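One structure is given below, represented as C-alpha cells, and several questions about it will come after.
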Amino acid sequence: MNKLLFFAHLKDEAGAETLSIDVSGKTIAELKTIVSEQHGLTKIDSVMTAINEEFAEDDDIIQQGDTIAFIPPVSGG
Amino acid sequence: MNKLLFFAHLKDEAGAETLSIDVSGKTIAELKTIVSEQHGLTKIDSVMTAINEEFAEDDDIIQQGDTIAFIPPVSGG
Amino acid sequence: MNERYSRQTLFPAIGEEGQKKIRKKHVLIIGAGALGSGNAEVMTRAGIGKLTIVDRDYVEESNLQRQQLYTEEDVFEKMPKAAVAEKRLRAINSETDIAAVITDATPDRLEELVQTVDLIIDSTDNFETRMAINDISQKYQIPWIYGACVGSYGMSLTIIPGMTPCLHCLLKKIPIQGMTCDTGGIIAPAVQMVIAHQTAEALKILVEDWDAIRTTFTSFDLWGNQYTNIKIAKAKDDGCLSCGEARTYPFLQNENLMKTTVLCGRDTVQVRPPAKQQLDLARLSEQMQASGYQIKGNPYLISVEMKPQRIVVFNDGRALIHGTKDLSQAKAIYNRLLG
Amino acid sequence: MNERYSRQTLFPAIGEEGQKKIRKKHVLIIGAGALGSGNAEVMTRAGIGKLTIVDRDYVEESNLQRQQLYTEEDVFEKMPKAAVAEKRLRAINSETDIAAVITDATPDRLEELVQTVDLIIDSTDNFETRMAINDISQKYQIPWIYGACVGSYGMSLTIIPGMTPCLHCLLKKIPIQGMTCDTGGIIAPAVQMVIAHQTAEALKILVEDWDAIRTTFTSFDLWGNQYTNIKIAKAKDDGCLSCGEARTYPFLQNENLMKTTVLCGRDTVQVRPPAKQQLDLARLSEQMQASGYQIKGNPYLISVEMKPQRIVVFNDGRALIHGTKDLSQAKAIYNRLLG
C-alpha cells in the first residue's frame, strides 16, 4: 500500500488529508492522472510531489510503502 | 537501538542533534539520569520528553526502536 | 461584504459567520513585549471586538529589535508599552475597542481582568504568571494559548478547559533556571513564528472551529531547522491540582507566589521564590558571563551587574535587587534573569 | 555592546561579528504587501545596513487586515505602499538606510535594482515576477528567498546560486490558475509564518552561516495543522535554463513576459500572458462565484465585476481590464485574479 498526502486546497478537493491506495510500480505522472481522474484533483499538473519527503519528478517510480505528498505552489504574498 | 533527539540549547549541550543509544527497557527517568551524567545535559529535570512524538511521563518504559525527544520549555516572550 | 475584512471572510473556515463571531469577542493579552505587541496587532487587524492588553514595562532601546508596535520616539519618551500599543492599535483599527492596562498581572489583577474575556493569549516572559493564567483559565473556563521563545527556538500550546490537558499537567512544576532572552538572546523570526501559531489558534477559538484546534505541543528551532508536534492527549491528569477533580488552583494562592519586599532604608528589593530552590550557581555564573554580564561570586551567591541595578542571587533562589525600590520592576528583572 | 541589538548579538549564531555583517549588507524586498511589509519591518529592526523596498500599489482598505506597516489614515490618503513603508521604517530605525521605490518590478527594473544587493526577499504576489527574480539571482549570483501564502497555507524556499536548486528546477514552468488571496482569502497568521521562515533564512545569509541554511522546501497549513519539509537537493537540474550549464535566463526575455496594451480610445487594458493557456473557465467561474464575485460567462469567456473595474477573461488566458488605462494596475488586477 501507499499513502497519499494532500496539502492546502487539494485536501478539500480530495475530500481527505490522506488516502490509502496501492500505486507501487507506477510513475508519479501516472499517479497524477489517477488522482486527477478518480479523485477530482484539478490543476494537478503544476503541483509539486514528494516521495517520502524527498522531491519527486514525473518519471520517478513509486515503491511499495512509499508516502507521496502533493504540494501546490501558490503565488499570494 | 534508540534515537535521542535534542531540541534548542540541549543540542549544544549534547554536542549533537541526535544520538543513537540502546536504552530499551529503561524508564524515561532512568534515561534522564543517563543523559545528564554521561552527556552533560543540565536541568534535564524540567525538560519535557516525548516517545515517538507522544508526550511521555517519567515512569514510561522505552521500547526497542523508540525515538525519544527532549524538549525544554522556555519562558521568553 | 465589509471590504476591510474581505480577504479574511473569503477564507472558508472563517467566512461572514466567523467574522461576526470575531467582532463579538473579547481577547485579553498578557504582556506587551515581543509576543504581546505582535499578537495584539494581528488580533486588532482581524477585527476583534474588544482587546485588552496588560503590561507593566516601558519601552527600552533593546526592545526595538523585535517588538513591533514601538518606535525610537517611544524609547526616547520612556513610554509605557501598553500606552504606546493602545495608540498604534487604534490608528490601525478604530473599529476595535482597545483597552490598555499598565499593571503587574498578579493573580488578583488577573481575576478582575478576565471577567468578560473569551480568550487569553499568553505573551508574558515568566512561568509564574503563566501558571496563574493556567489556573484562571480552568477556574473560569476560558481558553488560553501558551507561547514562548528564546534564541531561534519557540513553542506554542493551546489549552481549552474540558478538552485538552492544561500546562500544569504537562510541566508538573515551574521549570527553573531556563534560558531567557536576557541570557540566550532572541531573534525576531522566532517571535513571528510563535505569533503565527498563537494567532492561528486564536482565530480558530474565536470562530469556534473546535475540530481545527491544534491538539499537539508545537516546538521549533528556526536556525536549527527543527519542527515537531508532540501529541499530548494522554498527559491529561485527573489528579492535576489545576484542572483535575480535586483542583485547588495552587498558582492563585498567596503562599505560591513570588514575594517581594523593599529592604528597610535601602534602595533594594528582596525577591523570594515561592519554594526553596537549589540553583547551580557555577553554571548560572558561566551562562551570565557568556552573555556578557560582569559576575562576581562564591559558593553561596553570585552578584550580577545590570546597570543601573546590581543583582545578588543566592543558591536557594532568593535575590536582592540593588538600585530600585519598585517591587514590580524588581520582579521583572528577576524573571528576565532567571526565567 | 550596542544596547539596541543586544538581544540579537546575545544569540550565539549572530554575535557581535554577525551584527557587524548585517550592518554592512543591502537587502532588496520586492513587494510591500503582506509579506513585504512584515519582512521589511523585521529586517529594519534587525539593523540591516540598507533596505530597498519596491512596490507599485497604494494602500487599500482590504490590506489593513494583514499588512503590518499601514494604518487607516494611509488608506484614507491613498498613499503608495512603498512611501508609507519608508516613513514607518525610518521611525523604527534611523540607523538603517531605507530606499522606497514606487515601480513595477519588471526584469529591466530588477536588473538596475540588484546592482549592490546582497539578498533578495521575495514578497511579490505572482510567479512571473518570481521567475524573473530567480533568473536575476542566478545571473548576478545573489541569494533569494521565495515565500508565498494563501488561506492558512504557505511556503518558503531558500535559493543560493551554486549551492541549491533554483525555483525553475522545481517548478519547470509557471503554475497557472493557482489560488490567490483574492479568490481563496488569506489570514494574517499564515503571512506571519512565511515571514518567520523568510527572515530566519535572511539572517543566516546575512551573517554567512551557510551550514545553517534550510535545504528543504517548507510548506504548512496552520488551520489544518500541517507542516512538511521536502528535501530538494536532487531536484538540481543541469539542463535548467535558469541555473544550468547552458542557461538563457528565459524569464528575463521579452517574449516570455506578460504583454499589456491600452486599447485605443477605450478605458481598457488588454493583458496577454506570454504563452497561450487553456483555462478551465467553468471551474474558474465557480471559484470566483464562491469568492463572492459577480460572474457572467459563456464557453469562450467570463466577465468578472471587480468594481470599479470589470475583467473579461478568455479561455486562452488573455484578458481585458475595463475601467483603467494604467498598465501596471491592469497587470496587478490580472495577477490577483489569476495568480
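First chain written, first letter: the chains are A, B, C and D, and each begins at residue 1.
To be clear about the criterion, a residue touches a chain if its C-beta (ideal position, glycine included) is under 8 Å from a C-beta of that chain, and two chains touch if they have at least 3 such contacts.
Being a predicted model, the structure only gives us computed values, none of them experimental.
Contact with both chain B and chain C is made by no chain of the assembly. Rounded to whole angstrom units, the spacing between the C-alpha centres of chain C and chain D is 33. Chain A and chain B have CA centres that are 35 Å apart. Rounded to whole angstrom units, the spacing between the C-alpha centres of chain A and chain C is 41. Multi-chain contact residues of chain B (touching two or more other chains) are absent. Counting partner chains per residue, chain C shows two or more touched chains at residues 151, 181, 184, 186, 224, 229.
Counting only pairs that meet the touch rule, the chains in contact are A-D, B-C, C-D.
Across the complex, chain D is touched by residues 5, 7-9, 11, 17, 42-43, 46, 48, 50, 53-55, 57, 69, 71-77 of chain A. Those residues of chain D that touch chain A in the complex are listed here as 31, 33-36, 122-127, 130, 147-151, 153-155, 170-171, 173, 175-181, 184, 186, 194, 217, 219, 221, 224, 226, 228-232, 234-235, 280, 283, 335, 339. Looking at the complex, you find that chain C touches chain D at residues 1, 3-14, 38, 41-42, 45-47, 61-62, 64-66, 68, 71-73, 91-94, 151-152, 181-190, 192-193, 195-197, 199-200, 203-204, 209, 212, 214, 216, 222-225, 227, 229, 291-292.
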